[in-house]
Amino acid sequence: MREITYAQAIREALAEELRRDPAVFFMGEDVAAYGGAFGVSAGLLAEFGPERIRDTPISEAAIMGAAVGAAMTGLRPVVEIMFSDFVSCCFDGLCNQAAKTRYMFGGQTAMPLVVRAPAGSGTGAAGQHSQSPEAWICNVPGLKVVAPSTPHDAKGLLKAAIRDDNPVVFLEQKLLYRTKGEVPEADYTVPLGQAACRRDGRHLTVLTYGRMVARCLEAAERLAAEDGAEAEVLDLRTLVPLDREAVIASARKTGRVLIVHEACQTGGFGGELAAVVAGSDAFFYLDAPVRRLCGADTPIPYNPTLEASVVPTTDSIAAALRDLLR
Amino acid sequence: MSTQPPHTTTTDAPLPPRDTLLRMFLQMSQTRCFEETAARLFTQGKVHGTAHFCIGEEAAGIGVTAALEPQDLIYATHRGHGQSIGKGMEIRRMMAEFLGKATGVCKGKGGCMHIADLSAGNLGANGIVGAQLPIAVGAALSTRLQKLDRVVICFFGDGASNEGTFHEALNLASIWKLPVVFLCVNNQYGMSMHVGDHVNVPDLSVRAAAYGIPGWSADGNDAVAVWQAARRAREIARTQGPCLLVANTYRIMGHSKSDNNAYRDKAVIEQWKARCPIKRLRAWLLERGLASEQELDALSARARHDIDDALAFAEASPDPEPAAAFTDVYA
Amino acid sequence: MREITYAQAIREALAEELRRDPAVFFMGEDVAAYGGAFGVSAGLLAEFGPERIRDTPISEAAIMGAAVGAAMTGLRPVVEIMFSDFVSCCFDGLCNQAAKTRYMFGGQTAMPLVVRAPAGSGTGAAGQHSQSPEAWICNVPGLKVVAPSTPHDAKGLLKAAIRDDNPVVFLEQKLLYRTKGEVPEADYTVPLGQAACRRDGRHLTVLTYGRMVARCLEAAERLAAEDGAEAEVLDLRTLVPLDREAVIASARKTGRVLIVHEACQTGGFGGELAAVVAGSDAFFYLDAPVRRLCGADTPIPYNPTLEASVVPTTDSIAAALRDLLR
Amino acid sequence: MSTQPPHTTTTDAPLPPRDTLLRMFLQMSQTRCFEETAARLFTQGKVHGTAHFCIGEEAAGIGVTAALEPQDLIYATHRGHGQSIGKGMEIRRMMAEFLGKATGVCKGKGGCMHIADLSAGNLGANGIVGAQLPIAVGAALSTRLQKLDRVVICFFGDGASNEGTFHEALNLASIWKLPVVFLCVNNQYGMSMHVGDHVNVPDLSVRAAAYGIPGWSADGNDAVAVWQAARRAREIARTQGPCLLVANTYRIMGHSKSDNNAYRDKAVIEQWKARCPIKRLRAWLLERGLASEQELDALSARARHDIDDALAFAEASPDPEPAAAFTDVYA
């Protein structure tokens, strides 16, 4: 199968949905002529024109609010928030408006909108441009939260998100934009709420998502080669709704669970995962504490060495896996 | 483009047709009666939560909605009973919502801070001051992209004009020239803060200048003047792009039921009570011979009856099923 | 000892700190003449005057940003965000500015500010005025998060928060404002980061905070009376930094843990608590899964019966405790 | 109060003293040289991350900082190298920060988007567009409450003027009459969006009218004109309250290092390059006989030397200790 990058996969998903459904449109800062800060929407303006590919002023609250209003009146907006850190600038629109309007209005309206937002560290952009803010928004009923790890999933999940009648936050992984993978040419979606098992294993389970998936897989390979232990690596893909069954089944199978994410540990989404495991029947099969290996509880520092040191690495994941086997 | 003397009823602009005027009188009376009833329900302990009353501000809501076409959309405020009645929301279902009943317009889940009726073109009321402004811009964008002939009227208060969303929304609408009227009901208070303390301009409509859009003020206690200004605003929005219309009025009641008005002069409240917009419209209609005492009395009685009927309906309605708490979270 | 209400305790703390330290000032919407939406600051204007008790326009982002600027230049602002739901309107100021400035600036500045914000449901104010938003802000290193359950703690913790050199979010419990309790007249603080054991027990542990503490205690009493089982009830008081030692020690002691909070369950702070328990040595002492009993994953509905049904009650807590004993 | 023709150097207002003028020339040259060096470091792969250059906009930064008193505070933008050098930040420690070194002004943890030096009265640069405006208002409030004789200058861009924080901050400062100058560096672009597309007004300074405060524009490529306007703005802020000063200039470089300028006409960039504010100040100084060729050449050479020295210092500096990642989270 042909290989394309994660960024191209997202662009294709956008383009195909824009072609398929005239209700879909796309707006954000510098998304049109500039093609988006990370180039994801390059070329869309040429095909779809300035009415459907809209540059906005630097006004995140207006972008988000306008998306809500458009979604309530027959359109299916996709918006880009240039860095996921900036959802802080439209947090009310996201968490109090997009998420709750349907419920508060007794189901009178759907809220079909997608917020694309690049997340993660590793670009030398320091504390306000490098966060993994999923925990800010996973305790907000009404929202769905997606964090794809491969080009295939990025395309399929984005298409599913655009077709979903609920607000979906689509957390793109900056450092994955240039990674390549197989992506079918025919139309397909990846349903929201289904984890993917990236590696079978029977000795322990790794629960992870986003750009940490690749590191967990590397660490698992290393463990297999050096220690003869087989780690199962579950890529959650969607955080809300969570594929609880897959999580519990894997934990039950292996009896040892490591949770890995880039976001800071305290109050991070890993807590939810630990609670799901430790609160379920899987508990009775556990042979070891449920471990988390997450980002340090610090903002992301600028210096590249420091920056790399505050998130899990293949080394630290491998070490945590070994630890868990003891 | 910006400051002008507040618009009052003028003969330069068309006047509302007679049936519109009578409907306005009826709806203003219904609104007043709805709120007086609602206030009584609080005293009787029959509702929990809070409510924000627009008593004395009815002209600023219904003068506007009466100037709209059926396809137009509004986004109401938390003080939106008049706006909602004016836009044609079924009063029974509004009262039922207030009482948290299953027959409520939001199934009893939104309450009076979130009354919405999309079928009547009412995109709702919002509990977050100022949040409605960008949402209304989105509805106007939708109007443009779907090539519809309608405008969106976004109500908000003087206090809301200090939220960042006001600025972002007006700017966005101005560069995209969207069909939206920003309708500021300046009742002179943001909760306890007087407009003279929370902004540094004598007339809120000057804020339009920051976006290069038309902005002007109208006497918000003169229903006919508001109607005329709203007609003009609607036409501007439809043909040119956004504008900012400020209806200057006064909040007679406390901000919400728990407010004892300790921060303001009771004499001023009395002065404004005397400027009751319903009495004023009544006098104007009689003066011009557009309606007789009998006709107007009948409309007042009908308003009373409609509210009694709505209350009876609401009180007889069932509470939501327990399971209702868990539905409508996702589509 | 004299008894005063939770609201009075907060007012006293504010007044005493305003008296003690000229650098302290207080601002927010309707906090001066009106005395605050919940009357907490009634009377402060009269004593401290309009320079130090400041009414602001309805501009949450300006309030929060101004607090950051004041805290960086020698003052110790306390701000009130009228309902904790509205931190969504100043989320950037809180999470990207207040929380991170010190770190990003290499420690050049302290950030002594307190954000008071009433939280919780039960007042019939529906979806946008009833939330328990702690999970939004507990994954933000640089912030401290406090949720007092008694008048005594409200006063002592607020004084500690005001004296702290870091940004502290002080989540007040609306439904506790009128509850009374013993509060010393002499100056005291309750240190941030220390849980309080509200009830000793050896059969199971309840981890909770805020207004759920009282319900958990009631449920525990019922359990003792009806089932002869003794639940230990730990009131966390501070969520960040968390008193991990107390949590782990209690879990280890009893071997059974129930986590109770009002906020929605998925992605809630209870996940962090479960992860701390299940990831620590306490794991080896656990006799049952780590259970959560939290708010439903819905916005708060308006109808009072529905509203009451989406948060834990004494009944549902007692039932969960019994369940855990099986 | 609002629109006026852009302020250019005038003889009605005092001119900067000669030593100030020479310092401005030096600092503008240092800024240019700093950025050219920084750009080279990117090409050489010696730094990661991004940077925002103010090449061609030096007068808009340094014309302002030169007009301040030492006790004044600034809040810089992400395009703030000139503002920071002008406010007296040690260039060695600035370069070291850029290289992420332990000797950096933020210990290598902030990088060039968060350069701050509180000891020099520089409250920092912010990575969040517009976030600095309310923070600066807080610093001005602090100034008032502590009864200090200083003003706060808050730099921001044309693009930032569309953030809600702009509105909330200006409104708050206006009602409290705080000593703060809102200094908009209008370089005509918010990333790729031209100011003509992102606002619907011909002159950003008209936005002052929404807050009842003075607002006007200056030729941002004329360092002397900027200095004069900034002096006036400082005086207004100190004695009356906030004002909005817009320095109109042009962004010569791409928005950040990854920008290839595909969205604009290269010819216009060339026109603006020709309006280089450093050359212009040089010509003006020579014309008026305020400095000789030799003197100015010496200052240029000194600028070059200072940057080379800073680079050598930075390159020789150690990286932060690994443990530094975990300190400074809490005080």
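To keep things simple, chains are lettered A, B, C and D as they appear, and every chain counts its residues starting from 1.
What we mean here is this: a residue touches a chain if its C-beta (ideal position, glycine included) is under 8 Å from a C-beta of that chain, and two chains touch if they have at least 3 such contacts.
Keep in mind the model is a prediction, meaning the values are calculated, not measured.
By C-beta contact pairs, the most connected chain pair is A-C. Summarising the inter-chain layout, the chain whose CA centre lies farthest from the centre of chain B is D. Chain centres here are Cα averages; for chain B and chain C they lie 37 Å apart.
Centre-to-centre spacing of chain B and chain D amounts to 45 Å, using the average Cα coordinate of each chain.
Separation between the centroids of chain C and chain D, computed from CA atoms only, is 41 Å.
In chain D, 106, 108-110, 114, 126-128, 162-165, 168, 171, 175, 197-199, 329 are the positions where the chain touches two or more neighbouring chains simultaneously. Across the assembly, chain A contributes residues 57, 59, 61, 85-86, 88-89, 92, 96, 103-104, 126-128, 141-142, 297-299, 301-302 that each touch 2 or more other chains. Against chain B, in their complex, chain C makes its touches with residues 29-30, 33-34, 37, 55, 57-61, 85-86, 88-89, 123-129, 296-299, 301-306, 309-310.
Looking at the complex, you find that chain D touches chain B at residues 2, 162-168, 171, 174-175, 197-202, 206-207, 209-213.
Considering their complex, residues 25, 51-52, 56-57, 59, 61-75, 77, 92-93, 96-97, 101-112, 141-142, 144, 165-166 of chain C touch chain D. Listing the residues of chain B that touch chain A in their complex gives 73, 75, 104-110, 114, 116-119, 123-124, 126-128, 131, 133-146, 164-165, 168-169, 171-172, 175, 327-331.
Residues 85-86, 88-89, 91-92, 95-96, 99-100, 103-104, 126-128, 133, 135-142, 239-240, 242, 259, 263-264, 266-275, 277-281, 283-284, 286, 288-292, 297-299, 301-302 of chain A touch chain C in their complex.
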